[in-house]
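Read from first to last, the chains carry the letters A, B, C and D; within each, the first residue is number 1.
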Amino acid sequence: MILIWLIIIPFLGGIIAWYSDRLNTALPRWISLIALTFDFALLLALWFKPGIVLPPAGNLVQGSTMWLAELDRSWVPQLGISLHLAMDGLSLLLVLLTVFLGITAVASSWTEIQDRVGFFHLNLMWVLAGIIGVFLAMDLFIFYFFWELMLIPMYFLIALWGHENRFYAAVKFFIFTQVSGLLLLIAILGLYFIHARNTGVYTFDYLQLLGTYMQPATEFWLMLGFLIAFAVKLPVVPVHTWLPEAHTEAPTAGSVILAGLLLKTGAYGLLRFTIPLFPRAAFEFAPIAFVLAVIGILYGAVLAFAQTDLKRLVAYTSISHMGFVLLGIFAWNETALQGAVMQIICHGVATGALFILVGALQERIHTREMGRMGGLWATAPRIGGVALFFALASLGLPGLGNFIGEFLVLLGSFRVNIAAASVAAVGLIAATVYALWIIQRVFHGPNTFNWRMPDFRGREMIIMAAMIIVIVWLGLYPQPVFNKAGQALGNLQRSVDIIEIAKPRLSRAGDTRRGLSLFTDEAKRSRRIGTVPGVPMEAVNGR
Amino acid sequence: MNDLFYVSAAVAILSTVMVITKLNAVHALLYLIISLLAIALVFYSLGAPFVAALEVIIYAGAIMVLFVFVIMMLNLGPGSAEQEKWMLSPGMWIGPVVLVIILMAELVYALARSALRMPGIAMVGPRQVGIALFGPYLIGVELASMLLLAGLVGAFHLGRRDKQQAIGEGR
Amino acid sequence: MASVPVEYGLILAGILFILGLLGVLVRRNIIFILLSIEVMLNSAGLAFIAAGYRWGQPDGQIMFFFILAMAATEVAVGLALALQFYNKTRTLDTDAASRMRG
Amino acid sequence: MIMFKLLWLIPALPFAGFIILALTGSRLTRTRTAVIGAGSAGLSMVITILTGIRFIGSPPPGNAYVQVLWTWMSVGGFRPEIAFRLDALSLAMITVVTAVGFLIHLYSSEFMAGDEGYSRFFAYMNLFVGSMLTLVLADNLLLLYLGWEGVGLCSYLLIGFWYKDTYNGYAARKAFVVTRIGDTAMGIGLFLLFTVLGTLQIQELMQRALQQWGSGNVMAGAAAALLLGGALGKSAQLPLQTWLPDAMAGPTPVSALIHAATMVTAGVYLIARTHVLFSLAPLVQAAVAVIGAVTLLIAGFSALTQSDIKRVLAYSTISQIGYMFLALGVGAWSAAIFHFMTHAFFKALLFLGAGVVILGLHNEHNMFKMGGLRKQLPLTFWTFLIGAASLSALPLVTAGYYSKDLILYSAWASEAGSPLLWAAGLAGALLTALYTFRMVFLVFFGEEKTRVERKPGMQIKIPLIILAVLSIIGGFVETPASLGGLHIFTKFMYTALPPVVNLPLPATGEFILEIEAALAPPIGIFIAYLFFLYRPRYTGRLASTPSGSALHRFWFSGWGFDWIYDRIIVRPFLWFARIDKNDFLDLPYLGTIWAGKGVNRLLVHTQTGKVRWYAVGIVIGAILALSAMVFL
């Protein structure tokens, strides 16, 4: 039941905040803050719940032992829809991130939003509720419901409280996500009917749909449907162009949620659904995904450098950073996956903080154009110091969380694809270029326009301090996060392995995955599954 | 009965042609009434006397009277025929006629494909119609009555001259 | 009683229908358009009657009854619109009412 | 053992200093800031010295002590720890880093006294010392990488310390980005090492490398080459040397500490630390030697033409690190570390002396506007002269002589050495003396051109004196065979690094080599005297010939490397960024919008507003529908 409360609390909090607007405009802020804090407390309770013993290797354990908390109620049995929410370590981390960033988003818009405060918080809280739902749903129908639920409030956040070009940005965002969402729906239905044809059971339940047998071509197309929906959210390079617009035009809280959370739903979808549901097709696709990821890393970084609008610059850095996540997910070994999860969390916090910083600057000097800034360090050293910190986090300075994420992703993917990992590493140089450019252009140099502005004070310093602590903690002692995620990722990996064992039709992609016979532990892995590296399963089975 | 059908069909077609070609609205209206009466005869020859009567009473009677009233209210005057002639330039006929002929050809072709010179079976009297009308079709009748009511309200609302307009004309 | 072939009735309905259609397409005067629509409705009714005649069932006539009700309503509303239109534009030319062009 | 238990404090104290200064901002008084800043470095030095005495007095088992603080992470067999390792190599490094670091902190407390960013300066400096110590003490390559990037960051922050000048920011970014290129190569090297050998713990790694790879193994070559990439960036060696001269934009103490004494030698340390890999890859090791030799010559020639006193020292640093690379390349690991140590002393001394001059002359960097400062700044002159003599490797009396002589000897005599490398080194020695004394003569001799406004106080004088003493006596721990054959330093190093493998050479051969090495510096000094003091006109005439001035410009600009990089990397990058500001990939989507609008514009014409026209549409639709029904 705790899971449904996690969703209902922000949902109701939003409604109450909306109505309380009439009494006092400060009330919605407090109500949202209290609701989210309550959620946070619930999550901490889940975090400290006694750990769950890892099931023995090679067994996909279904049912309650997999989860920290689970809720499974039949809803529309005729269609096989059930209200199935479940939380494992991965979901817990992402929901924690959601609530944490939600709190910072509320706090960062404390003075920025003065217009329709209640409605703003309604939208904010509903987006958060939708995102939490996405991270918890284990029924594809429910998942799709939450997936769509988070879009519409987001659309309003951009379209009503955004900046100059907000309608264009909001519509673009909506069309991109909606079209890709429809592809997702088609793919879900396709999977649903194929599963029903195979087994006669109509169900949307994730665990039952795992391992559905289908023709390779069908699997590929369904995988593509899932992939595109998540790739648009992530975003992967050719479908990324909604992101700079949306991020730039959204209000600060909207940008924080977009960059910190909405993008993560794409990564989560790839991790939880695309690869486990369609492992063979996904691995066949992996080389292309690597190429796209590498292009995204470099292209995003170069374009970030090219921007003159500070917020747009930060937006492009997200494309670059999420390229690492894509790389890590498709590398699909423990190191890379852990790195991807770490990158998801740290990017959420660091980029969220950068957006809050940009928002704070815009509130003070009413421009985002970097050409109109310069030398702000002298007048606002705290803002400068905090910005420097997050710029360094963004460029992957060791000792900060982002470095752990990027390093592990590269380390893991190096094992799978040397070229991709090596070229992706060049992205670190490009990241240096744009991160330092921000500092130079905004805080260093002469104060040409004679800006005078108030420095960060209480509220803002608290937000920033919390985010700095998280990043430093994750940079120096990330093990608690790895422990939480490890169990969930282990389950996901095992589910894929089992599918591959159950259906002895290893494709070429299987070889790619263990193609580097050079490296010993891949060879070990193969032995466990029962193949010789580089030899397809058919040969082993004598077919 | 066959002769009645053919003759009245010819009359109906001819008078309908006049309806769409006449320049004067009242003349056209009169031709339409003739056409309707001819069709009433066709109905009779097709074994539907009740409907034939309805056609005469409601169509040729009530509905046409509406037209007459409206034309009278508009009070178009002598210039209207010339204007109508100007509006009806000969070149305008070509396109519609071609389209319509194609449509007709298709209709005839469709009918001819299933050509079975099917004869009619029997006369269906008012009694049977009444039983069916107030039996299985009762809801339809109710709906029709509601439609008529809506039409009444709509016509009343639309036909009313709003005050501003009246003031404007009074000046 | 040698009866009329049903096809003939249908063909007559078709001819009347396309004549009405022609009227709608060609005439610009709203009164004539309404008249032509009456012709088309009537021909549709004729088609129903012919069908009912073929099967000897009352359903065709009942359909005609409904068409009749609809035609009456349509004429009432249509003529009211025509009056209103004439009051506004001082003409019956439908092409004058083309403010909705893109 | 209790002393060793305090090992973690050595890097932790400067970090603590950084945190305190960063949190308090500019609210502390200057004195307190200086006490915290210099004090944390000083305490760290005291602990280092005590630990070092203890280490030499009663070495721990295996001549190394490892202190594990906590497990950083444990993911899929990747299990780096936050652990520090104390052995002879790291002890030598941390001693130099903390000692020179503390002296420079002390110097800075006076040097920076008038600056508004006083506490920020000390915060960055403390962060640097902490990171450098982490780098040196790290037990695994990932922690080393943390320190490695940390020092790079501090270098960036301190070069751009006076941020209001856009040029400083440019120089700082250039330094960070260029070194990051090397760092990325190093990062890939780490991936490779972990993927193949399964650990990043340095000792474990070296053992596995020895077990799994034979000499000349491709993997070992690749790994060594990638690590070398990192070392080249950090140590400003060819082809990544271009950032160091520009890095002189930072405050002078920064140049002394980061860009002369410690950070830039991190590459030398890295190669020495992973010497096993390089031994397994003779080709890469040979490349190290060649790069060192070429760099030392190129930088030497550039130093000869500079007019900015700090840029002379910067090129000289590149050149001296070239010597260290030469030593590493021929397998003389200890010699490289020995030269690192003496270089740290005399180069820091030279920078600090130059700082006094610059401060005294109102930020004047141009040597041609100085002159005759000998009388006005006597202490600075004498200490500077000692530093210059040591840099020039003046025989017998200076530390630089002993370390450089060792390198030259190894370059000839070592298995991996060759007469060519030795010749390059010798030519470099002559060049070093030439440009060093050119600087001394221009600045301290000749006519007095300006008045010194500000005389140094005690906080500046003490470090100068101590460093001057170290620049002389620092070399007596290691002398060639003909001068007593002391081998205290190398013997100590052999507990961590293998000795150099020398080919048998007759004693007379060694003696001849020494004579030649000893003769080169005095000749260089004499030429400098001839050209820059006795007959400066010759120089002007030589430089004004067409080929002379072309050569001068070529050397002055650092052999055109900046120009080439600007053309092949920077400009294409900027060009692409400029034309693609609005993202080409958005074009297909914009295209759909345009297509939509275009079709809309076409279809608008169908909306005539005429009823009959719409009726025609219906008719055509009916015809089509009917056709479909009838004919299909």
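Simple rule for what comes next: a residue touches a chain if its C-beta (ideal position, glycine included) is under 8 Å from a C-beta of that chain, and two chains touch if they have at least 3 such contacts.
On a predicted model such as this, the values are computed, not experimentally measured, just so you know.
Trainee: Compute per-chain Cα centres, compare each with the mean of all protein Cα atoms, and return the closest chain.
Mentor: Taking the mean of all protein C-alpha atoms as reference, the closest chain is A.
Trainee: Any idea how many Å lie between the Cα centroids of chain A and chain D?
Mentor: Here chain A and chain D have centroids separated by 38 Å.
Trainee: Nearest whole angstrom, what separates the Cα centre of chain A from the Cα centre of chain C?
Mentor: 62
Trainee: Counting in whole Å, what is the centre-to-centre distance of chain B and chain C, each centre being its mean C-alpha position?
Mentor: So the centre of chain B lies 5 Å away from the centre of chain C.
Trainee: So, what's the distance in Å between the C-alpha centres of chain D and chain C?
Mentor: The separation of the two C-alpha centroids amounts to 94 Å.
Trainee: Send over the residues of chain A in touch with two or more other chains.
Mentor: Nothing qualifies.
Trainee: Which parts of chain B, given as residue numbers and ranges, touch two or more other chains?
Mentor: 95-96, 99-100, 103, 107
Trainee: Can you tell me which residues of chain D touch two or more of the remaining chains?
Mentor: Expected reply: 616, 619.
Trainee: On the basis of the stated criterion, which chains touch which? Give every pair.
Mentor: A-D, B-C, B-D, C-D
Trainee: So in the complex, the part of chain A that touches chain D is made up of which residues?
Mentor: Spelled out, the residues of chain A in touch with chain D are 172, 237-238, 240-241, 244, 299, 302-303, 305-308, 333-335, 338-339, 375, 377-378, 381-382, 385, 392, 397-399, 403-404, 407-408, 410-412, 414-415, 421-422, 425-426, 428-429, 432-433, 436-437, 440, 443-447, 476-479, 482, 486, 518-521.
Trainee: Quick one: which bits of chain C touch chain D in the complex? Just the residue numbers, please.
Mentor: It comes out as residues 21, 24-26, 28, 33, 94-95, 97-102.
Trainee: List the residues on chain D that touch chain C in their complex, please.
Mentor: Counting only chain D, the residues touching chain C are 603-612, 615-616, 619.
Trainee: Considering the complex alone, what residue numbers of chain D touch chain B?
Mentor: Listed in rising order, the residues are 616, 619-620, 622-623, 626-627, 629-630.
Trainee: For the complex, which residues does chain B have touching chain D?
Mentor: Residue list for chain B touching chain D: 95-96, 99-100, 102-103, 106-107, 109-110, 113.
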